[in-house]
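Per-chain residue numbering starts at 1, and chain names A, B, C, D and E are given in the order in which the chains are listed.
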């Protein structure tokens, strides 16, 4: 393997991890509540703008801004679930779809109205740095973002695995009737879950802001990307989201490098179709 | 439709007749702006009927109907620009092309038991895949677009769909009314009953001898064919096509709004939805201008809010509610 | 057929229709014959082309006062076509109903052609401010003129400018890579490139043309690919956000070409490009039509722009603002000569345009039989101190070009 | 007399757990055959295999001389086996009449004829008065009858009934019993799973008892109900 | 202790319970018998707060709990061993038990109760780290009961606890119920196994089509000809 191919793969992995974190939020929300968040990319973009504002106004590095933004997004998700989404739990998919498409439209155009159409960059002092490893050039921001993404994902894993609230959320996903039987406060747990899903998105969006520039037009592409990743990885599977992110990151990178960059998303969609047909639960998912 | 007609009360009949007469006579009294809005209303009502057949009747959620729209549009316009084959012939080639794509998507999905959200995502994936494919298809101009001339030989003749708004007005009206009749007819056929059974409970449907795979495939066949015709209309009405426009997911989304808002699985839902949504967008534009607001995006914010409100308050759509209030029979139809 | 003789006011029609149009409350504007030409400016102020559309819109906002200083009376109707052809079409109909006698728009080809349908049928002239698809003037529209180069013209003029740059800076590039967005604008440029480069006689070899998906979120792989090819020059056709990603990844991957040159695409001179890249935004070159700093029209426009749009830099916006203004100027000029706003008369006057004083660099504006202005030369604009600066042709240049560009290192 | 339905050595296991193991029996034309057994004995699994809703892991099912194991349920239905579901599965958004019309459409594409069949069947099952109600608004006993009506409308040779009497009052049970007896007299063969012993003893000519997936007894109602193993498994040891 | 007064419950348009009343005394075992679909599970779930009755009152220790949500009802001490056991299959046995003690009333005594439950069901202790879905039916039933006990209930409603279990295990389960009752927990027992449940019940109700058609002591009903005929066929 040539060094340059290796370079392409490494880039794919690093970017894929951040995408994976974004997809993780989608996966958590669906895995527990069966709500497909069609406004996912829009929330990601809001987080990018939040990171931009914190950086411009208070000069906070996104790697630090991650925590407050994730916290605020948790709150937004919690409230959103309690108010807007709850009546739609268990309703038909197309009804959820219209609700969230409506929400997405409001968000995108709200951003356009407030911030205008120009892309908003975060100019970190190390924006242009890269590590040289042998003949490889690896961007510093991507490395940092990937590490942060892994850390956030790990924190989420630990939460679900080792805390009682996390276990209770898994219990709701496992057997909703059972959750009612033992008296779990399902509504509250759902709100926590939506909060956590959005916190993931908040963190991912903040990291994304170091890689790409915030602009309202990104949202739909991110929603599609997140969907592709979670389906490939396994909707509802946490590891699946990260693995799917890496897989999509690397396959797009390789296809872009060896075939034609403008065709690279075609390979993600082809991958998506193949996975849906051969293993609809996704590579690491259980049949839902 | 005959059953529907008989079931409708006298005022239901009266309303239907009056509406139809009003639409037929509209060009006599209305200005061109209103006509252009009505063309969009009928166009979306038509596409809504096509989509509703698959979703509302056969219960399968497709978020990738832009695929059939785009294939229909591209096939007919490419035949016209490249080979001089007119749209009235082209449409009969566009239909099988789009239908074949639809059957493939359906076959892949339902043979492998992909349903619900997963099927929806499969349809998105195919539409996006095709969009990028057409971005690279040199014969149709790739991402640079496909253009129809307005003054080539025969380009201005009605049989080549060249002409003014009247042609397109009546064409879209015929499409919308025809689709409504067709859907009503299908609903009252054995096929329609089978679709509803499959939608309501696939397992029970199978137990009364319905081949659910075949029933869904037929729904897909008709739905994608109808959508392809809409695509031909679109291609000739706008006279230019870009993959990034016609295959885009936002096309798929905009064509499903009317049937859902109007009432899924009902015959008049897609029509009512289109009558609400398109003028809603237009009137928001008008209102903002009247108040002297130039805030790009504000209109769509309101539009999004209205969508959320309607789906929260009338999850079954506006038409069943409306029909109850107007005391029209067949509210569920 | 014409509907004018039996047209009712929009409001009464709507009231009489069951189309759920109760909300439609825009005041019916009385069609009074004034001395001002009524122009509808349709631009994508929201949607995916919002960035360029709003920039053009600022040009339209400044225009009336400047035009009035030159003795032209125009009244503008500003319409957001939402990057959506459906909206473009219905809103054009509405604008004409409200008395628009001429349309200017619409940056994007799909929207422009949707408008062209209506203009053709209603015999209202459409002046394309920006829109590079060659087909716009090839489809036989009789009520359409375009004061903007086609993709092919842009490339042709761009390649000339590159030759001029090589001559002026005495660099000797041997290889180049062409990178373009795979959208309708990028494809128009690509076709021009494929057709013209082989015969342009440039001293370097084109190693590869790489298309990227404008919806893709990342250009690092594309840059890695380019680094592998190691060209001396990088020729790019981008949109603003992509240009930023491109330069960022080029710097990170420590790839140092002699120059990054665009044969006429937006991106390298947008405000967001400067904001994102700072000193790294400097020395990139765009070969494209540009505002002529020595024209009195440009100077007047600039002065008015500075006053009215203090948050924006004219130097950065002058491409979108200038072309939009010139389109309006062309309309006003034709109106003055025609003495009437009737469509066919106005169109006749438009076709006879011979406008010496205008914003953009170039000879008097004229249209060929297809309605295309075939003589819109490009200049070379180099980013200097994060300001686009004309460096070629010499007669309008305010600085001399610098190539090869200084290395990335030490710029941040 | 050759059997109408002949089940041989039929087995089904889920993740190693034998739900049905090596069950064999024959249903003769014109008889009413009952399968009883405690909850979880494998009756519904057995039913689902016969009706084509599940593929068996081993064994054969022969209907009217033709092997039907492994066929899809719509193919089985087409061959003349109608069924009901233990957990009722009506088409909730359709009217009672339309539910039955869907069944009748298996034998005809003509809607008018299907409606006629639906009318007959609905009259037979005493549902004709509720024909315009939505199926979702019916009470459970009515839904159970609706299931029978829908299955009957397909004009089956063999009718599989999965606990249609459950939840009915004794008078309603008697009504169904007499309806089923009439149907049987007119030539319909019936295979039923039932808990309501009063109905089973009144109807069945023969009974098969399943326990933990295996057949533990087969014979006339009298024989079977006197069998101590049956009483123990079915009514519970402490009932004795 | 628990009084259900004239409740009616609808699912969509269909009525599941029609004017049902019953009462459960402190320390009793009350049996509710009836065929599939008679409304037994609906009754249990309505009491547990998982469905809202359209009308009627449910008094638990003289507070009206109709309209409270299930976690509030549970927290008052109304436990439930649901039909089909309703354990969390992908969670471990230990996590399943923990989920029973998420209620505020049970948190403090979590460890104590855990010890008690594991002592009561040693099989669960052996499998404490195993995913609950891998347990046998009988073990799952033990887990469901154990999980319920973790919530410190003073009343437990058992919904078909013997369903799908081998006779010997049914025996164990019934013995457990008696033991729990002896330890002071009031029990409501819903069973298809009519003979058995009537035998251990102090009071019993027969539910048909969403209505209470008969009630009396267990022994009375066991002797009642109508019950024998309808449910035992003898």
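Before moving on, here are some points about what is shown:
The rule is simple: contacts are C-beta pairs under 8 Å (C-beta built on N, C-alpha and C of every residue); 3 or more make two chains touch, one makes a residue touch a chain.
Note that this is a predicted model, so its numbers are computed, not measured.
Touching chain B and chain D at once is no chain at all. Touch-path distance (fewest steps) from chain A to chain E is 1.
By C-beta pair count, the most extensively touching chains are B-C. The most distant chain from chain E, with centres taken as the mean of CA atoms, is C. For the pair chain C and chain D, the distance between mean C-alpha positions equals 74 Å.
One inter-chain figure worth recording: chain A and chain D are separated by 50 Å, centre to centre, where each centre is the mean of the chain's CA atoms.
Between the CA-based centres of chain D and chain E the separation comes to 31 Å, rounded to the whole angstrom. Once the centre of each chain is set as its mean CA position, chain A and chain C turn out to be 36 Å apart. Contact of a single residue of chain A with at least two other chains is seen at positions 109, 112, 260, 262-263, 265. Annotation for chain C: residues touching 2 or more other chains are 46, 50, 53-54, 182, 211, 213, 215.
Across the assembly, chain E contributes no residue in contact with two or more other chains. Each chain pair that touches appears in this list: A-B, A-C, A-E, B-C, B-D, D-E. Listed in rising order, the residues of chain E touching chain A in the complex are 48-50, 69-71, 73-75, 80, 82, 86-91, 95-96, 98-100, 102-103, 147-148, 151. If you check the complex, the residues on chain B that touch chain A are 55, 61, 63, 108-109, 112-114, 116-118, 120-122, 124-126, 128-129, 132-133, 135-136, 143, 249-250, 253, 256-257, 260-261, 264, 295-301, 303-308, 311-312, 315. Across the complex, chain A meets chain C through its residues 4, 7-8, 11-12, 15, 109, 112, 116-121, 123, 127-130, 132, 137, 139-140, 142, 211-213, 215-218, 221-222, 225, 252-253, 256-257, 260-265. Of all the residues in chain C, the ones that touch chain A in their complex are 46, 48, 50-51, 53-54, 182, 210-213, 215-222, 224-225, 227-228, 240-241, 244-245, 248-249, 251-254, 270-272, 275-278, 280, 408, 412.
Remark: chain D residues 38-40, 86, 92, 134, 136-141, 143-144, 163, 165-170, 195-198, 200-201, 212, 225, 232-233, 235-239 touch chain E in the complex.
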